[in-house]
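Have a look at the structure below, then the notes.
As written, the chain order gives the labels A, B and C, with residue 1 at the start of each chain.
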């Protein structure tokens, strides 16, 4: 268990983070961390589909946004229970993933990329024009959610530290579930489909059905991520559905290394923290610089951090011997 | 049901949109056909063309200078971009190209925000292209008619070029099998750059005319790339004919959709696309 | 008992008639071979049987059940497994994982997103049995694409075996193999055939003659002869096709 120690350290730091918040450093870092947790859940979903199933979605913003809006509408109109909000987010994003999956999984590779992108744009235009969803302004003033534990003892999630632990627990649970799925019989079949779809089909696997199911699971993860962020911020806007979210997801996964679960999670944390640093340094120029960094990343290391690490490893291993040409 | 005049107006407007869409989507489709790259920054070429066109009209006072120069500047930029960023990635997993072009579109859109600000502007048109002309008994905006004729002529020229010229023959062979073209000793790198540059230039032309017809805004890149993608998905990737057919379908769907189902206009596009994909998942046209 | 019955099978690619009015039966427990020169339509025949290509006409009955029009995965789940002429494995997965995935396919819980793959004990057991049978037990942890060509061919046979099929379709199982490997493979097929019905396609006539109970000969999409190996070997038409081919 070489990885147990770093994992324990990361967990310890995450658990201790709220202690110094507000005194040693600004409360703001907790918000940043909550944003990371929401994206971690989204990225886990993306990685299940793209890293394991081999289908690159360029429209995961639509599930993220749908989860966010479903949670927001539930909190605003039905109940302040965060569990109810999450449940509705799961159901609605699953329903959307069923429909979009049914239509898009007929296609592969770049056609699949297009289709998911097009459907996400459709959803983006939809929330932008639907009055009951606040149209272009979104829905502000969502009441702070509460957390019922064991049917009593309502805990208000409006305190940042409490929400922090809630989001951390959810992200942790999402990771465990994702890991379980990856190690499951179904997870192995997904990898088989990614490696050789035709062979999987001739072994007797209904490839379309498997990929649709992966798409469904992936969409639900993304929806939960969106629900977490919306419940925390207390507002939703069409920006949840914006294609730059889908692109960011792809970026985070690529940087971290797809098909590893941990990689895309690290990628999410890296991109969000880097974005925060850049935006405080560079004011409105930060997205431009971020874009240039992305370009540099893909040009100089097309395989992400994982690729950089592997290259360093290869250099180290090759160092004593003659370097191959 | 609408009167014949309204139908005709819609039909003309649909054709107008379609002809501009051909200019945007053909570059996207052709570059995919020869090197398998989907350029998500293709919409940015249109937007950059529109903003450059706006500044050029402001500086020179001439719409025609803008219509000529803005696409040339974008073409030059596209050549640099293709050489520096896309070329090293050909043949790799399409994911990297997808991601690179996404990052580039982010760079372009923020560049536009920095240089031109976030405001919506419109490109002034020559006075003789304002107002209305009368065709078949209806009054149609002169500028829209100009866009229709101008874009259609350009599209026809492109079609003739691909179908008749020696370079066009090489391009058609490349769409079919790039390795074969290489085996003939033809400089395929130059071919790819040329297709990329021409595609970018045409997108910029479309950006200028669309910007003058509607408006120029920082979300324009997204609208353009979305429409272009829908066109090529409907029509079939890597096919000029497919781009034309897709544009006609999307253009008329948009114009009639706005008329018949106001409020749902944006959705008509996707309903049409979903229907076509259910019927033919690989698009309508499968040729090179 | 007849396991597979093809009648009046037809397939054309454009104007080229690849399979013309073909009848063939495969009896359970036998080794049946379809031989013919390259281009005779043999692989197309397999592609029609396994649902990779749609039929133009004719009937395919597997266990007296029509299977034409079913998807390849549905046909595979009925117990009809195939290998490919060009090695078709999961190149980046280990040898064991390749075969385990195959063994898992027809087990209950094969698609459970919750049950750990290792808990499908039966899949692992039958995967290991299949690997032992083809003699790849020692290489189980190697990544498939690092195996020699011959071993990859055997891996593919192990995969088809592991699905627990009733009928095994082998498409030129020895293509690209050395003489030694070919001998080993033919022995292996003989052993497998004691438990599973086998249909082989092969262009090398001599290879399958000793092994097969029944041989059908194809040329230009048509069946030109059928019978015991001895009968087929005596057939003047067959001799003409094969000598012409040489």
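The working rule: a contact is a pair of C-beta atoms (placed from the backbone, for glycine too) under 8 Å apart; a residue touches a chain by one contact, two chains touch by 3 or more.
These numbers were taken from a predicted model, which means no experiment stands behind them.
Fewest steps needed to get from chain B to chain C, stepping only to touching chains, is 2. The greatest centre-to-centre gap from chain C, using C-alpha centroids, is found for B. A separation of 50 Å divides the Cα centre of chain B from that of chain C.
Between chain A and chain C the centroid-to-centroid distance comes to 43 Å (mean Cα coordinates, whole Å). With each centre defined as the average position of its C-alpha atoms, the distance from chain A to chain B rounds to 32 Å.
The set of chain A residues touching two or more other chains is empty. Taken together, the chain A residues at the contact with chain B in this complex read 56, 58, 103, 106-107, 109-111, 113-115, 117-119, 121-122, 125-126, 129, 243-244, 247, 250-251, 254, 284-285, 287-288, 290-292, 294-295, 298-299, 302. Residues 180-181, 183-189, 191-192, 195-196, 198-207, 209-210, 213, 217 of chain A are the ones that touch chain C when the two sit in their complex.
Chain B meets chain A in the complex at residues 32, 36, 38, 85, 88-89, 92-96, 98-100, 102-104, 106-107, 110-111, 113-114, 222, 226, 229-230, 232-233, 237, 263, 266-267, 270, 273-274, 277-278, 281-282. Listed in rising order, the residues of chain C touching chain A in the complex are 50, 52, 71-74, 76-77, 81-82, 84, 88-93, 97, 100-102, 104-106, 109-120, 159, 163.
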